[in-house]
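Each of the next two complexes has chain A plus one other chain: chain B in the first, chain C in the second.
And then the complex of A and B:
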């Protein structure tokens, strides 16, 4: 029994250390109509603490933000960043990576 | 006709196109597209104006080269401020009793600062419509007492006007991923300095740009290539010398300009060639041949 618990603990430890990553936020943003102005939103988001990468898909009006493990961005925070960049946030979803 | 009657107007028009453009937008006039809060854009232009169609006996030939440097800063998502620092080189050749002569000047021109407010915006996926009024003030930073071997240069051949000249206007832009429309109207109130007052100026500008190519990285923001056409309708009132209106000054000009733009996330490279398709100038003014603009905008 002890052996099983120890093994489970090892597996749990490995899974959290090896596979745990951050969170991915997907933002629907309106008004993104050219690469040059869309870069404004990328600059805004990438400077946010804990943000590892930002990808903007102009055709889909989608902004993907990947953050480090343990970093949490609130919907209000992300919406404010999008608005500061001069665009209109529509919706947001998040998933653990 | 003395150069002061028309040259100042052209120089003013020449630099106007350097002022406010930001994103993939008109090259010869303003845009209502956004600048992010706390972010900046720099634009450097090289402009070349040539005017050689002289109906008078002096065979005048005018060349103006300018290097306007524009800095843009997003104060908030709606308020944007601009600073325009022009470096100028003006040369006029003409026949004088002593023979063919050249009068030229170069240096810093009048610096302009501007504020723009986005009063209306409607965003949809991949498209935006914006309307933004703007106001600017041209400051007398350029020298207005330059001389050459013939004496003091005429007022409008000077690097600066010596006056504080305000401008108001409004611009509307509709942009999607495939195309962009823009229209702008503005009025500039020119004031008196050194007993010379350039006539006020009104402008109506239109542009249409269409994306003709898309490329660049597959995992990031793409690169766009636009082709477009712009038109600039410019009216100028008569100049005043010592308070007297000059009948040989002012008038109306309509320009058409084919344009090309290569747009990436960090930079825009663009060219425009403004051709005067209609010049209805008062008196016997020297007519313009073209204005060529090469421009680079940088996100930083």
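And then the complex of A and C:
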């Protein structure tokens, strides 16, 4: 019985942690070397509701977007934001933090 | 006979084109005198410098990711700095190209869609513009020039236009149309900066069209240059560009253009005749020469984005 309660507590803790965490989206984008455009992407993304931070990794050509718990950005939404900034997104991935 | 004539015409055209499209350097090479800065947030350090301007004795630098303006003397010694991240009056998003005019510093505030004006000592004076695509509104202003009468010419980057405003920020007219890019005269593809000559002629860095467009003081299109036909054909030959990010008028009226993806500054006569080129190659993927400013004695200061530093160049001796 004690073991079952312990296991249930562990599962509950893990699931709470999972839901409390936000999501990180990684967008692969060409042409980030120019700050006029890279800043344009940052500006558009950071003003999107629920976005906590935006990091541009020039070396890898990645835009990394962290969003708050419970916030979901669709692929179409992200694609539109990147295109509005003058870029064509190459690929996108997401992971829970 | 007809064939021979055609052949001669074609060869002549090619030779003339070659001369026009692949010009030679016409001056002694510029010399790199010194560099200063380096990545960081301490005074004197820079994190992505994106704009530069000079007064009679000081160099002003847009320290973009640190959201501040840093001021140095001509020897590169740190003097003072101002600005902090934010969108309140005097705070900065990402400061980009700068202009010093009439004893004031004009800062394009890219994230906050406005021009902020400061004294040369760093005291905030006023802000011009707000977000939008209407008259007097901006969507990421990249550069600003000030005419003798105080009018502003603003490169309104994401609105694909250049606006002329009076000193109070009231709209006068525009070139280009929000939402439309184009390669013909008077059309733009992400304009980044503007410079005004003493006679009122103004020069526009037509960023992703890889060219310079020139308009007379009455606003009529005058001429353009940058690669064959100046129609968005980029390259690394003399007189060609690969994204134009800043433009300045030197003391002799010559035009200095930051050619970002080619890591260099190119110098031209006002009619677009190529004169000289200089810069520090980048090790990639970021590039170096993003903005240039010229003093009254022809010294050129360059904001070096990739290396987070300032370059100081002097003309070569004849």
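We take it that the second predicted complex is superposed on the first by the 80 of 97 C-alpha atoms of A that agree within 3 Å, B and C clash if a C-alpha of one lies under 4 Å from a C-alpha of the other, contacts with A are read in each partner's own complex, and residues count from 1 in each chain.
Going forward, a residue touches a chain if its C-beta (ideal position, glycine included) is under 8 Å from a C-beta of that chain, and two chains touch if they have at least 3 such contacts.
Everything quoted here is computed from the prediction, not taken from an experiment.
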{"item": "Partner chain in contact with A:58 - chain B first, chain C second, else both or neither", "value": "both"}
{"item": "Touched partner set for A:43, first chain B, second chain C, both or neither", "value": "both"}
{"item": "Touching partner for A:33 - first (chain B), second (chain C), both, neither", "value": "both"}
{"item": "Which of chain B and chain C A:86 touches, first, second, both or neither", "value": "both"}
{"item": "More chain A residues in contact - chain B or chain C", "value": "B"}
{"item": "Those residues of chain A which chain B touches in one complex and chain C touches in the other", "value": "32-37, 39-40, 43, 58-59, 61, 86"}
{"item": "Parts of chain A lying in touch with chain C, wherever the complex brings them together", "value": "32-37, 39-40, 43, 58-59, 61, 86"}
{"item": "Residue ranges of chain C touching chain A (in the complex, touch as defined)", "value": "48, 50, 64, 93-94, 96, 110-111, 140, 142, 157-158, 190, 192, 207-208, 243, 245, 260-261, 284-287, 290, 305"}
{"item": "Of chain A, residues touching chain B in the complex", "value": "28, 30-44, 55-56, 58-61, 83-88"}
{"item": "In the complex with chain A, residue positions of chain B that touch it", "value": "22-24, 33-39, 74, 76-78, 118, 121, 123-128, 175-177, 180, 216, 219-224, 263-268, 297, 299"}
